[in-house]
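Next come two complexes, and both contain subunit A; in the first it sits with subunit B, in the second with subunit C.
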Partner chain A sequence: MATEALGWWGVPLGILAGTLRGSVPFLLVSLGECLTEKSGKINLGLEGTLLMGAMSAYAVSYLSSGIVGPTLASWLGVLTAGIAGMGLGAIHGWLAQQPRVNDVAVGIAMIIFGGGLANFFGKPFIQPQAPQLPTLAAGGWSSLSQVQSALQISPLFLLGVAIVPLMSWFFKSTRWGLYVRAVGDSPDAALAMGISIFWVRMASIVAGSFLAGIGGASLSLFYPGVWTERISSGQGLMAVALVIFARWQPWQCLWASLLFGGAQALGPAFQSVGIDSYYYLFNAAPYILTLLIMIVTCSPKRTLTGAPGALGQSD
Partner chain B sequence: MASTTTWRRSLEPVALPMGAVLSALVIFGVFCALVGANPLAVYASIYRAAFGSWSAWQNTLLRASPLMLTALCTALPARLGLVIIGNEGALVIGGLAAVLVGLALGPSLPGGLVLLAMALGSLVAGGLWIVVAGALRHYRGVNETISSLLLNYVAIALMNHLVQGPLRDPAFVSKPSSFEIAPAAWLGNLPDTRVHWGLIYGLVASVLAYILMQRTTFGFAARTAGGNVRAARIAGLPVGKLTLAVCFLAGSCAGLAGMVEVAAVQKRLNESIVSSYGYAGILVAFVARHNPLATVLVSVLLGGILASGGILQRSHNLPDATVMVFQGIVFLCVLYSESLYGRFKVFQEREGQAEGAVVAG
Partner chain C sequence: MSDRNRSFRLSRRQVVRGLLASSAFGLTAKLSTGCAQSPSSEGGAAADGSAPEEMVVGFIYVGPKDDFGYNQAHAQGAAAMVANVPGIRLVEEASVPETTAVAEAMRSMIEIDGAKALFPTSFGYFDPHILAMAEEFPDVQFFHAGGLYQEGVHPKNICSYFGYIDEAQYVAGVVAAQMSPAGKLGFVAAKPIPQLLRNVNSFTLGARSVNPDATTQVIFTGDWSVPVKEAEATNSMADQGIEVITCHVDSPKVVMETAERRGVMTSGYHADQSPLAPKGYLTGAEWDWSSIYTALGKDFMAGKTLMTDGIPHILRGGLADNFCKLSAYGPAVSDEAKAAGDAAIAGIKSGEIVIYQGPLKTNTGDEILPADQQLKADNVELETMDYFVEGVIGSIS
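Here is the complex of A and B:
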């Protein structure tokens, strides 16, 4: 193992590398879910969207690399993943807004449907190697190969980081951001303002699913960089918890994604220096952390501060 | 006229889901045609693999029995207005408790007693697991959907940790697993079938849940609290105790499903127990509109769909994920049909024509 040469320094380096790699899907999916939940609906189906995005990105990248070259092919894959996400988002957005239809149940049905489609069409792409997204080598200053490989940054990570201030500004300072918040906080007030609740929610869910689809692309085209049927491993569902953890604020989504990515890297990092007896319990760290934070910050007297008012209410 | 009215009204909750399943079949047929398979042949295969023969029925019932139990984990709290999705976690914890009890008591007690102890262990463990979500909801206002979802992952991590470490059987190499429980404590099959006793557990639990929720004061109180918490408090109902009790019963059903999986199918504990029966149970509950008797029917339907996975691959060269697609389409259609209640004149008081109009919707 490379980390042996570094000894215990391998642990923080491993955590840093794991954070940079592992937080990308969390960041993109949580930003998508943040936008969705701000409009007052939950989309648990982003787990299926993540799988669909991963599969379609990988397939398109593989199939088109002979025609347009590997770099363009991988970006084409990213775009396809986003569009596939939008397709699933449109189904969720329409169905979850029908009267008496529960958005949690639709989300779970969408996990099965999206995951089923991804596995169905992804079967032929499990073996071949698709061209990966080019990465930015931020560790070029170091002569240590471990540092260099740890600091391979995905362009999708930078994209996600760039979206954070944009989305924050969108919610705070734009007319459309106000529409989304109005629909999410008080649908009656939004209706009085003459806003179409249906279309604002639809747009939020579809845009959020676009981001989640791109998050899927980062799974199959950056890290772990392959397409398998279990690649999403619950990260889409975790991102839902993460948004609550982040109190529906884009900036906090960024910090929470880094924290979750880092927490996920704890197990492998400790394993690399020979501590592997608590590997699985370390893997549970992000979930326990979220649970503890919810316990500390919630109170029976009031709902979570920052929670969109219409979230979880039937209409 | 009055009798016609009730007749039409009670037809609606049967006809709408059936119409939804038919629509799903049509959509799935289009999907099959698009990917180059003959839809009619695929339907025939699914029917044959699910309900075509006694052997097919046994396959279906085998898959339906854990679903009946895990569905109750969502259906019971739903009556209280809680959306619990911790079925998978409660199932895993129930399986874990069953293995711990089975391994501890296996050598010293007769098989029947060990089975009883395993069942009790799984009921208590699964129940307490969901009580955590209910208590957090009641005392801290933590959203029960999210907390029960998180608890799933904690349960799976705990199970993986134990079968990797303290419980691991070094002689079993294919994947990290616990030691095997003694053959005397295996859950046997119903006479002359391949279907294990878990089916009876599922049926009994569903009937008991129905009686409890529809025919007792407890169930009435729970439904009242689910309808309007403030009114229930004013009426003096112990909302907190009701929440905890219902969550305990819900979790214990899913926990029992874990015990059945361990004692009848896996015989030891490993990652195979995480087999998405929990998540499928959530859907079963919603599709059955949280009615414990309807969950039995929906479980059998879903069990049939799951049982047809192999044959689609063998005789139509379709990937095994095809049944996932079909399952997804069926549930999306049935969920959509929720919004159609009251929209069809056929089911209203006025005299209408045949029920054929439903299918078109």
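Here is the complex of A and C:
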């Protein structure tokens, strides 16, 4: 099919496509972090988990594609990424709950550890091409190749969107959700209820890291679809900040992730139609957004509404 | 946590702290050391003039050695030097940041491995790290890729070597314009530095020598390695109907793969990326360090050194001097385009084609060169380029 120039229509289309493509890691990591923080601990190490997930998914997809075929291999990669994430999460969960250990400090150590591990084991996988996750072509109705390509939706995106109402329901209406919230809001009360703070937090951190690992898999197996040492470029940390201004609500995590994913496409989309000044500003859009929302929502006079009570308290 | 009665036991906190610290340190140390290096025998360093029997040569890269990009080009050159020159022993270290880490890497190559010639390849290694090490080890030769050496200012054991790869970009532009019916080309760029602008301009001038209406759309990503932005830039170019995309980023892998998926033709950079885009890869501007490093290796074994001026302090050249080359033409390239490309290569090698030939205007309409003037490849004016030529869509600010 002949490719026609889209002109100005390319901007909204590019942002839409960027939203669908780029928001997946933000969504999965922020949902994972949302669960973790609800239980009263912060896991900054998700940046490292993201890298580890990306590397292990790519490696497993590449190595197993000869044995099980490309489609299954990529899904095997996703699963491995989740498991690798759980491994890192378990380390964080155990370390961060030791007496008088600061979870933020452990998180920073885990960023270095996860990233280092991923770079170390990932060396042989930079060059080869691994089979990518199959995508759902939702744009078949359009005759424009640009629209068709923009609407290549990753199953991981759908997975993330499906988790949103599920997690919301989990927090509101289930006994286990209540446990998590109780541990996060008032550990003493939870202890009095007979809930093991350690294991609830451990489970939340491990489950959250599982999601972050899958987020990493979407980076290396969906978009941009390569494994390099700079693949995450701070997205894990941004997703952690994103949870704060999503006020620990899964639904708001979804909107915030879409916003961030779309913001990444701003700079290139504008430049492609000839708005070529201030591209550094457009590229910085997500960070400026983060700062603005932090300033607007934070006040020294009151605590953030929705913040788990035990978050940031040492025990 | 009372340790009063068991004073010799470590508290759990201390153990945890120790474990964390040691594992973090161990990892970073391991990472920054990259490849394992076996202890060396004394690398027969020659005193002036006499030919050494064995020579240890160290290469340092800023990223991984197999990134389909800048570092891979150097690593292939290093491998060729070892393969072609008997007596050269290679030590390598990859993913060394442009910080004091590179000074430590150089020091350990010199002191532990006995390296007598070092090739720290990244641009940012030069000042202050290479300068400091060159002062400290006057009998070790330092070769740096870039044009930064200044006679009389910098130590005598430093050499700057650099290729006019924009000559290859010019040829790539000729081929791209031949293959693009609408004459719409795209360039994914990292940052507006003179070397990159020169590549964009030469690519465009090459294209316009074939099709005077051809344009090059430039999209800046803002940094040398931002995979998501590079993919976004490639996608938005594909949305705008751009037919051939090339780039200047550290690793062109993302750009090539994304363009291939979108059915857009590509032209490579740094190294050969044809395996990444088997259908759409046309050609590419590649460094040809193999020939340069092999020549230098032979000089080393013949006992020539920078200190005795046996090797010149500034090595430069383009297509004619084998500093760069073109990738083999891909299957999509028509015979006509191949012929045009070969003619451009021959023209540049013979000096018939001068890329920056007046009359030449910037894309904002200012005059660069009047009709009767030209800037040859070795003109230093080209190294401070801060404009886009007519035909480039984009701005530097």
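Convention: the second predicted complex is superposed on the first by the 311 of 315 C-alpha atoms of A that agree within 3 Å, B and C clash if a C-alpha of one lies under 4 Å from a C-alpha of the other, contacts with A are read in each partner's own complex, and residues count from 1 in each chain.
The criterion applied here is as follows: contacts are C-beta pairs under 8 Å (C-beta built on N, C-alpha and C of every residue); 3 or more make two chains touch, one makes a residue touch a chain.
All values derive from a computational prediction rather than experimental measurement.
In the model built by aligning both structures on subunit A, subunit B clashes with subunit C. Once chain A of one complex is fitted onto chain A of the other, the partner contacts of A:Y279 extend to both subunit B and subunit C.
Once chain A of one complex is fitted onto chain A of the other, the partner contacts of A:Q271 are limited to subunit C, with no touch recorded for subunit B. In the superposition on chain A, contact is made by A:L117 with both subunit B and subunit C. Of the two partner chains placed around the shared chain by superposition, subunit C is the only one that A:Q129 touches, whereas subunit B remains out of contact. Of the two partner chains, subunit C is the only one that A:P224 touches; subunit B does not reach it. In the superposition on chain A, contact is made by A:L13 with subunit C only, not with subunit B. Contact with both subunit B and subunit C is seen for A:P99 once the two complexes are overlaid on the shared chain. By the touch criterion stated above, A:Y287 is placed in contact with subunit B alone, subunit C being left untouched. Contact with subunit B, but none with subunit C, is seen for A:I244 once the two complexes are overlaid on the shared chain. Among the listed stretches 112-120, 166-174, 184-192 or 292-300 of subunit B, only 166-174 clashes with subunit C once the two complexes are superposed. Annotation: subunit A residues 95, 98-101, 106, 109, 112-113, 116-117, 119-120, 123, 229, 277, 279-280, 283 touch subunit B in one complex and subunit C in the other. By the touch criterion given at the top, residues 91, 95, 98-102, 104-106, 108-120, 123, 229, 234, 237-238, 240-241, 244, 277-281, 283-284, 287-288, 290-291, 294-295, 298-304, 312 of subunit A touch subunit B in their complex. By the touch criterion given at the top, residues 3-7, 10, 13-14, 17-18, 21-22, 95, 98-101, 106, 109, 112-113, 116-117, 119-120, 123, 126-127, 129, 145-146, 149-150, 223-226, 228-231, 233, 235, 264-265, 267-269, 271-274, 276-277, 279-280, 283 of subunit A touch subunit C in their complex.
Per the touch definition, subunit C reaches subunit A in the complex via residues 1, 12-13, 16, 20, 23-24, 27-28, 30-31, 63-64, 66-68, 95, 184, 217-222, 225-233, 235-241, 243, 251, 253-254, 257-258, 262-264, 275-276, 393-395, 397.
Subunit B meets subunit A in the complex at residues 35, 83, 85, 136, 138-143, 145-147, 149-151, 153-154, 157-158, 160-161, 164-165, 279-280, 282-283, 286, 318-329, 331-332, 335-336, 338-339, 341.
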